[in-house]
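Two complexes follow with chain A in common, the first pairing it with chain B and the second with chain C.
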Partner chain A sequence: MTRRKPYVRSMDRWWLRNSFFTRYMIREATSVFLGLYTIVLLIGLVALSLGEASYERWLATMAHPAFIGFHIVVLAAACYHTYTWFGVSPKAMPSVRIGNAPLTPALIIRGQYLALAIITLVVLVAVASGET
Partner chain B sequence: MHKRSNEPVFWSLFGAGGVVAALLMPALVFVTGIAGPLGLLGDGALSYERVLGFVGSVFGKLFLILVISLTFWHACHRIYHSSHDLGIRVRRGRLALLFYGFAAFGTVLTVIVVAGIG
Partner chain C sequence: MLAALGPNHRHRQDHTMTERLKEINIEVFRYLPEHDDEPHFETYKVPFADNTSVLEGLQYIKDHLDGSLAFRWSCRMAICGSCGKMVNGAPQLSCRTFLRDYYPGKVRIEPLDHFPVERDLIVDQSDFLRKLEGIKPYLHSVKPRAIADGPHHQTPAELAEYEQFSQCINCLLCYAACPQYGLDNEFTGPGVLALLHRYNADSRDAAKAERMQVVNAEQGVWGCTLVGYCSEVCPKGVDPALAVNRNKICSTKDYFLRFLTPRGTRV
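Right, the complex of A and B next:
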């Protein structure tokens, strides 16, 4: 039996202690929403594989205000994930030189946003242009 | 003998999923979750025939399998490591099995479902 009572700092809501911790936990939490969205998307594909009636039921469910609200939250989480991911990737990638000039973090980040803009535009145009 | 870590494998999948999600998810979520169901992209943008045609193509199949499975690996890796930060007291091995098992299951299910369409 020991009578020592060592001090153990509480972990209770530590992520609210300062804004750096809070932003860290929000960044980590984006993965929960990305995962949930992917599950919903996979359910849609299962519905598609089962035929037209079940697919239409899935699509109608997606138009329900609760699911629209869910997807608005997911969209916000996805954008925050993109913002944080682009921000750390200059630190995660090896240093690159173009000719003699180093590829600076600012250039890497701008390049990624350019890629995001192109990809987003291509997806939107491809989906919206169909007449079938 | 030093035991080799399996972390690089999972981190690579996490990283690949992070890149794919960062570049594609904003557009994809907007299309399949907001604009598509609300009909903002024109009538029939997400019609059965059209989506079936996309998933039936080789490009569509590869696209969906990569996006869905890599996002699963990304999310599961991140949630697994964050669960430690939340002070969840479950044996790490069991949590790893749960999360990476889910990602593996999701990958197999996606391949089976997508391959069987069209």
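Right, the complex of A and C next:
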């Protein structure tokens, strides 16, 4: 007769046991804020398609302190989301070689920040030239 | 007391007769299936020197304080992969973790997370071993080679594709670091998927198509959510998260390219 009696431990609140897991859960949770932001932006687009009055109403709603607070929270969440995903993206890439040297994770991460900076600059210039 | 800590310490005895050993509290997870329904913790006071590992601390407990304590170990030099434990909540090889780094706090030692506990610090590894067998972790030759054919050459670039993954010692720390495996142990898990990649990425191997069935399965790479802790805890510098996520790309290609490639073509 076997005397084996394997004990299976609980996974309750596993994300609080280790700070690495907690940071992972925060990373995942930030996507909820990004999702909410896209919905708000989508409503803005719908308002724009409905005409000037409706778009002005949407803009006025966005100027409400609650929505300004929401945007600040979303911006912080987006920054953290970007930072963490840029950090892990080298793991989600195929093996790339330039000549004989592999493309290093540091180079991939820096490349993404460079691309982000260039795109941001292009958008800012486009917005600024549109306003003048 | 010094002699009890092993040969290194005996050798040091001459030089350190005047050195007073510090003492640290080690809290050990205890589970004796013949008596216990639930595990509990017992605390032991263990003398240690600068080079006393957590494993040596456990050996001191077993030799001098409580002979009933059960734990696995073998080589004492981070190559056999037997002595993995949770040390203060983090998966570690207990032979390369040192008591000095936890002093003056206490050390809490538990069996590797996410595996059923057989007794004290010993976990049931059979799920891992079954999965490891399932990926056929050895080279399948493209065609049988005669001795006269000579060695199968590889370029440095071909070697670099799989070299780090061949360093795996099956210590299971990555499984203890993977909450997805803890939540659903149907998931193949980081270690086995890294070893699978080790063979699939090897230019000499011909069994990729067969192993891709493991990769593509519900329990394969898609069970990973890129927590990434597996790669942090690996004591041999393997990056299982890289292997798993690179195979998500392989799996996607495998899925779509089958519509484009003629039947029987290897992808």
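By definition in this document, the second predicted complex is superposed on the first by the 116 of 132 C-alpha atoms of A that agree within 3 Å, B and C clash if a C-alpha of one lies under 4 Å from a C-alpha of the other, contacts with A are read in each partner's own complex, and residues count from 1 in each chain.
Just so it is clear, a residue touches a chain if its C-beta (ideal position, glycine included) is under 8 Å from a C-beta of that chain, and two chains touch if they have at least 3 such contacts.
Note that the structure is a prediction, hence the values are computed from the model and not measured.
In the superposed model, A:Glu52 lies in contact with chain B only, and not with chain C. Once chain A of one complex is fitted onto chain A of the other, the partner contacts of A:Leu34 are limited to chain B, with no touch recorded for chain C.
In the superposition on chain A, A:Arg4 makes contact with chain C only, while chain B stays out of contact range. Of the two partner chains placed around the shared chain by superposition, chain C is the only one that A:Phe20 touches, whereas chain B remains out of contact. Residue contacts after overlaying the shared chain place A:Lys91 against chain C, while chain B stays out of touching range.
Of the two partner chains placed by the overlay, neither chain B nor chain C lies in contact with A:Gly111. Touching more residues of chain A than its counterpart among chain B and chain C is B. Legend: residue contacts after superposition of the two complexes on their common chain; A:Pro102 is shown touching chain C, with no touch to chain B. Residues 11, 15, 28, 92 of chain A are contacted both by chain B in one complex and by chain C in the other. By the touch rule above, chain A contacts chain B in their complex via residues 11, 15, 25, 28-29, 31-32, 34-35, 37-42, 44-46, 48-49, 52, 55-56, 59, 62-63, 67-68, 70-72, 74-75, 78-79, 81-82, 85-86, 89, 92, 112, 115-116, 119-120, 123-124, 127-128, 130-132. Here chain A touches chain C in the complex through residues 3-9, 11, 14-15, 17-18, 20-21, 24, 28, 88, 90-95, 97, 100, 102, going by the rule given at the top. Of all residues in chain B, those touching chain A in their complex are 15, 18-19, 21-34, 36-38, 41-42, 44-53, 55, 64, 68, 71-72, 74-76, 78-79, 81-82, 85-87, 106, 109-110, 113-114, 116-117. Of all residues in chain C, those touching chain A in their complex are 31, 33-34, 38-39, 89-90, 113, 116-118, 124, 156-157, 160-161, 179, 182-183, 201, 225-229, 231-232, 239, 241-242, 245-246, 248-249.
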